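Lettered A, B and C in written order, each chain numbered from 1.
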Amino acid sequence: MGKAPLYDESYLGNVKAWSEYYKAKVGFRNYWYAAAFSKEIADGDHLARTILGEDILFRRINGKVYAMKDRCIHRGIKLSDKVECHTDSTISCWWHGFTFRWSDGLVTDIVGAPESSHIGRAKIKVYPVEEAQGMLFVFIGDKDVEVPPLSEHLPPGFLDDNRILEGEVMVIEANWRMGPEGGIDEIHRYLHRTSRLLLDTKATMPLGHTGVTEQCKIFEDDGKPKGILDDYSSGNMYFEVDIDGQPSVVTGVRFADTGTKRKRTVSTSVWLPGVLSVEGFPEDGGVFYEFYVPVGENQYRNFMVLTQTCKTDEEASAFRSRYYSRWREYTVNDFLMQDNAARASAGQYYKNDKAWVEERLCREDFMLIEWRKLCSRNSKGVQTADHLD
Amino acid sequence: MGKAPLYDESYLGNVKAWSEYYKAKVGFRNYWYAAAFSKEIADGDHLARTILGEDILFRRINGKVYAMKDRCIHRGIKLSDKVECHTDSTISCWWHGFTFRWSDGLVTDIVGAPESSHIGRAKIKVYPVEEAQGMLFVFIGDKDVEVPPLSEHLPPGFLDDNRILEGEVMVIEANWRMGPEGGIDEIHRYLHRTSRLLLDTKATMPLGHTGVTEQCKIFEDDGKPKGILDDYSSGNMYFEVDIDGQPSVVTGVRFADTGTKRKRTVSTSVWLPGVLSVEGFPEDGGVFYEFYVPVGENQYRNFMVLTQTCKTDEEASAFRSRYYSRWREYTVNDFLMQDNAARASAGQYYKNDKAWVEERLCREDFMLIEWRKLCSRNSKGVQTADHLD
Amino acid sequence: MGKAPLYDESYLGNVKAWSEYYKAKVGFRNYWYAAAFSKEIADGDHLARTILGEDILFRRINGKVYAMKDRCIHRGIKLSDKVECHTDSTISCWWHGFTFRWSDGLVTDIVGAPESSHIGRAKIKVYPVEEAQGMLFVFIGDKDVEVPPLSEHLPPGFLDDNRILEGEVMVIEANWRMGPEGGIDEIHRYLHRTSRLLLDTKATMPLGHTGVTEQCKIFEDDGKPKGILDDYSSGNMYFEVDIDGQPSVVTGVRFADTGTKRKRTVSTSVWLPGVLSVEGFPEDGGVFYEFYVPVGENQYRNFMVLTQTCKTDEEASAFRSRYYSRWREYTVNDFLMQDNAARASAGQYYKNDKAWVEERLCREDFMLIEWRKLCSRNSKGVQTADHLD
């Protein structure tokens, strides 16, 4: 009664070192995922979203957000087509009135069949929800699994006090794995040499670094976030490249010293189940996060989140002001869109499972392989066809 | 040379009591189906329609309607792309001029190959057609099967003298089985509590009936229509329901007695191969019919037909007038659209064969199961991939 | 690791005499194919096109056209999404700067990884390109196959000196085999009886010829073009056909002798891998060519090319003038569109592999079968799922 796997099994032998990652086409199960920005659901409001192929209905009731499978257990219609909440604690399906309790999914009543034995017994799936830092997280997992604390599936520091967030969310037409792989990609600076962000920030952008191979830190202590951190500080930047013997045809971007000592981006890391963390980007002291959340096989939701640690309301307000006047245009809508365009184009290729076998990575791409292996070692299960709506 | 079945065979063991119904994803073969309202094809005109996945071309010639496979036997182009009828008795394919006789499908001539041995021998498939009560019916069946009288596949009484019809047809984006199952659904009154039809007719609409389980009449005499009739007259109406302990949160619609004794809807029944009959709806003495005709796997055509028995032309004219001024707006475009919306939403769920196994029916849904079993017992064959164009 | 075949294997036993043709759903490998009109790529310009399911990027550099796989070997993005050629000899992928030499595909540099061992070793696929008569041809073939001269895959005479070409290219929504089969179709004159070209040229168009069965010339000498030529000159034209006993209901087009002796179309032939040649069409002395080039399973590109042998510039200029003032309207946009409409309609039918078994050809269709057999005898390989992008 199980369905065919989502991936071509004939390639499994070629990806032995990271086969769980290869299988995780629609993501890893039993993890916390970013579901929405808090501001996307006002009190009394609802939001329907597909996450890891599961249709989920969120609703905020008296400040707290609940999440429920968006499919009636009776005859399968979508609760979100017509949301009917007759009490604060419940939602009733608009067809026959199966009524589910938000807190535990229990069928409390059935309008059309008040004597049914389903009442007080049958349940719809509900999802654990947490809200933190102005974002909403949902746990996508198996029935009897113990739900770990949210902090275990976030980059260290994300939950720090005084962290202020601003950002955007958009759907990218590519498999979710293009997300983290594009984020920790160490050799793609060439792509960004034309971004207007560089002019705005007077940021120096080399074409790359030499001598950075095999240097990364791996975090996989029990009960802590699992991630991998790029350590290229020791590499040598270069700004000119010859092409087919013609000297210095391609050049990076280097600004004259303006007298102000600017820090460089400090580090890039990526964490299970797919969260990027970049320190010092796009402004000193800030941390940029990107959450890559599978929608289905060939789509993921990308939360692009700029943060700054702000000790006072004035600092917070100044940061928000910088975000809307400056970073949103130059970072989100320009620099990051270059990455998203590359991911969408690569997504067309990796849609064909053969790509995972035929890609020709460089030694300098070692971070990608380390990430894939890390995921495979620490996987708590992958989404299969049976989980998808 | 056979194709894969249209359904997931791994679930057959779970639906043993009604496996033929489970298989009949594109309908049952060897039945008469509603094809069109008569007024849809004027004399000399044609109509191309897909019925049970078969592309069919209808043409009315001197009053009588003929039906032919809409695909040339020679090299497969659609006759309907360019209808060329050089005589009243034939149609010629627009590419090489294979000419088919409407009455029996015989190749009478080939314009481009007048000496071909196909002439007078080869045949295209033609379909039996009947016209009754202002509707056109076509028999979709196997080559050598004996064609039963039309009346055997219609609700009893539909062909009554003096029955006047008015109605509409539309395509619903759902598997056809959502049609009859939505029609005989005994516990979905909740859905209709907001229909403007109730205000217009001052019709009382309870939230449901209690104590109606296992009561239905089954008709399956040889040579007669096969159907199942809902008998809920003995049940007790209720108009209020508690939700999660809060009393009477949901209420039905009950009008004060207006002094005029209004009859309630008398009965609902559904008949093979998929025709609903509702007595007393939407007006006293009238019968409402709905014909659910598969188009393909995930579409069906819904003929919504209001009828009234009229002894005189004046009565007929008054009924037509009521239809256009009142019933079309309140019944077809309001009340019935609530059902169609639910069917379309459910169709998304039942598209996945797993739904037939995972649905959680109530005991009060026994009519659905009885209907599925009735169909399976009386099935004369199901449409397979090989039948589809 | 191989993928499932593109065709239904269960029908192979039914098409034994031409099984390679049946398999060649996306074309035959190891042939030269028309890729574009020369004028479609100006100097310094590029053109991205899918041919036989392979995504190819063309670029004209100092007059000469090169062709390369339009998919970076590194992580698979499309080079054509953002063409970056830093030198005349190379193209650099816009993500990490893998740089490929147009002439041989060698990785000469990698902007983001200048020390990579791929440099000077790894290669992208490049395609042989030839330009002739104002058209661009590309060889789609296996890695180590010897590339034959272009002339071997063109109709004899196409490369003649003084041949002047004018024409159009469009994508037809049908499998490519509809192309040649519609071109050598001997019994489809009926289709054209309403073309405005006949009025314009006062061309006589019979409904067909009788007595032409089994007459064709086959060319398959080693090292020469492989083709099949229609020889219907001996047949008897007819202009009237009875339908179902009614005399002369359908008539062809016959003009009174205008005093000028007009030659009839002299011959029609079709050549591997799918090129039609019609002598004397649409004007005396001219030759019409049609190139049918697979795009994918259900699309092909149709190059419709009118030619005339012109000894002087004045003659060439006069021919071009006739093309734009007359032939483009009456031939390309009228007469030939009738054929293309039929091919698109037939394409819907032949999309289902079963069609190749169920079609009911006439004896007069013998050319189609001879063509299929010729292709199967001379096939140098077919495109499989593994070749497709």
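In this section, contacts are C-beta pairs under 8 Å (C-beta built on N, C-alpha and C of every residue); 3 or more make two chains touch, one makes a residue touch a chain.
Values in this document were obtained by computation on a predicted structure and should not be read as measured data.
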item	value
Chain contact topology (line, ring, star, complete or other)	complete
Same vs different contact residues, chain A with chain B, by half of numbers used	different
Cα superposition angle of chain B on its copy chain C, in degrees to the nearest 5	120
Whole-Å gap separating chain A and chain B, where each centre is the average of the chain's CA atoms	47
Residue list for chain B, restricted to those that touch at least two other chains	none
In the complex, chain B residues that touch chain C	1, 71, 73-78, 81, 86-87, 89-90, 92, 94-97, 99, 101, 108-118, 122, 386
Residue ranges of chain C in contact with chain B within the complex	10-11, 14, 185-191, 207-208, 210-211, 238, 241-246, 249-250, 341-342, 345-346, 348-350, 354-355, 357, 359-364
